[in-house]
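Please find one structure pasted underneath; my questions will follow.
In order of appearance the chains are A, B and C, and numbering begins at 1 in each one.
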Amino acid sequence: MIVGSHLLQLALELSGTFVFGLNGALIAMESEHLDLVGVIVLGMTTALGGGILRDVLIGAIPPAAFRDWRYLAVAAGAGLLAFLARQIWVRLGRLINVFDAAGLSLFSVAGTATAFSAHLGPVQSALLGTITAVGGGTLRDIAIRRVPTVFSSGLYAVPAAAGATLTAVALELHFYSGTVAVIAALVCFGIRMTGVHFNLSLPASRPPSADEGSEA
Amino acid sequence: MIVGSHLLQLALELSGTFVFGLNGALIAMESEHLDLVGVIVLGMTTALGGGILRDVLIGAIPPAAFRDWRYLAVAAGAGLLAFLARQIWVRLGRLINVFDAAGLSLFSVAGTATAFSAHLGPVQSALLGTITAVGGGTLRDIAIRRVPTVFSSGLYAVPAAAGATLTAVALELHFYSGTVAVIAALVCFGIRMTGVHFNLSLPASRPPSADEGSEA
Amino acid sequence: MIVGSHLLQLALELSGTFVFGLNGALIAMESEHLDLVGVIVLGMTTALGGGILRDVLIGAIPPAAFRDWRYLAVAAGAGLLAFLARQIWVRLGRLINVFDAAGLSLFSVAGTATAFSAHLGPVQSALLGTITAVGGGTLRDIAIRRVPTVFSSGLYAVPAAAGATLTAVALELHFYSGTVAVIAALVCFGIRMTGVHFNLSLPASRPPSADEGSEA
């Protein structure tokens, strides 16, 4: 039972690390002129940044990404793969969004479970799960000077928070299992892809004078 | 006595959280096209970022913002209020600067006291109080791609450091009290608002060729 | 022996802090309109940021920069010196690159040794040494909105990783000494300056449409 839950957790996290590493590297290559090392480092930032933030905030030091070489290897490998097979990914186009939604789903569930098993309450665990899911991509966006998706596209934090909340409720009420994890991840994935597909958004504010630009 | 000091600390921190949450959300709405979630997240980043940085650096893990739900609620509420009552705030105009100076003052005092009570020395406590005060706004500015106020406006870090130093001296010499906290906060507030009002600044450097822009 | 190794470590770190503080302040003055406090804060960010990141990740709390006043004093002094003697530095031109390569070398060796002495494995120690070396400059670049050197110039992370790896191997095999530290630092310095001099770079990706710009 404990072995099963540990394997489930590891599978969720390594899968999330891989898809976020791919996605992060592809988005980085779209935005800036980067060399091989830059692409791999940004893939690793996207894949590992959220989990490192969570581990620092719950005091799990050194973070899992530094304790277990598999995280580093999977994240670096995904970045390398993105760099080498660039043309294939570009042709597949919208696949970037699918990878991103998959990483978001896997990390919101896995991040919540990690925080909960470090004895945080359900509300805090859900919040830290959401941070795990959106943190890496936000760090990448800041590094390559994009407005972070989490600030400009409401249906990015919302699905992550939904998946994390479902997971935290299940953990608190003692019915968390592989099936529940898959359902929570699918809920997050579904909301995110629905938002992407129909280009849904939340009510927004507008800068007072659009032509003034953002330099204050 | 201990209850009084604890209540004072909590009142300072929750007030600072509220005004920084309002201010952060208003500045974020000025600069970028953001949706509801983005505005609230940036309000929370401004309100809680400095304290989380401080707590990570002094090893108070998980940070207070994750241990006590009131911080999260107050910060999120302030962001929501800023979003809903946008038109009112815009008309009040310069109130943004007053909120910002108030948050700066409350956090420089409260952050110093928190670091000191974690057994750091007076110099380190004053430095961490300054980081508490300027950290959240700096994170927000980086996220929305503004040059952080702390780097471009000298009379931002200076008043925070003044309030923090007064607090640290009072704590070290055992005469810290509610009155001293208010005086230290007023000193910070006064220096900051004087700087804003008269548009004072410190000696500055100029980029070598202004028309070349900042893209290297 | 232990005293010697401790003095070596301190000398490496304070020298690295000084050259990174100078370099960080000079680069900051090149890029943005900053006042005295901004220049000093960015010098300190460059000089101390990498070490603080490392200390947070290995759980050495509070970070050395807050425990030992000499780090703060050296970093702030270097920033002040850069501000005051601006004209001299500008005339010396390419010296910025030399300072930067020196800081990179000293911090990759010293950061690896610090992580290793906190009982991390050799791979993790080398990674954390690399983070110590490139972290401060990356934080500065993000704060002043430059594309971080580590993402756009491959021969920045590579020399740091080379120096860190040599150091970690020597520590693991018990032949680390002052001579080995100097050799590892010189290897890093040599690779970096070779890259700068011949403008070498790694294979790079190109944004799909260069004229579209990087603002998404």
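In the analysis below, a contact is a pair of C-beta atoms (placed from the backbone, for glycine too) under 8 Å apart; a residue touches a chain by one contact, two chains touch by 3 or more.
Computed from a predicted structure; not experimentally measured.
Undergrad: For the two copies chain A and chain C, what rotation in degrees overlays their C-alpha atoms? Round to the nearest 5.
TA: Roughly 120 degrees of rotation.
Undergrad: Counting shared numbers against all numbers at the contact of chain A and chain B, is it over half, same, or under half, different?
TA: Both copies, chain A as well as chain B, present different residues to each other, with under half of the numbers appearing on both sides.
Undergrad: Go ahead and note the Å separation of the Cα centroids belonging to chain A and chain B.
TA: 28
Undergrad: Where in chain C do residues touch at least two different other chains?
TA: 56, 142, 145, 147
Undergrad: For chain B, which residues count as touching chain C in their complex?
TA: 56-59, 120, 123-124, 127-128, 138, 142, 145, 147-148, 150-154, 156-158, 201-208, 214-216
Undergrad: In the complex of these two chains, what residues of chain B are touching chain A?
TA: 28-39, 41-42, 52, 56, 61-63, 66-67, 69, 72, 83, 86, 90, 142-146
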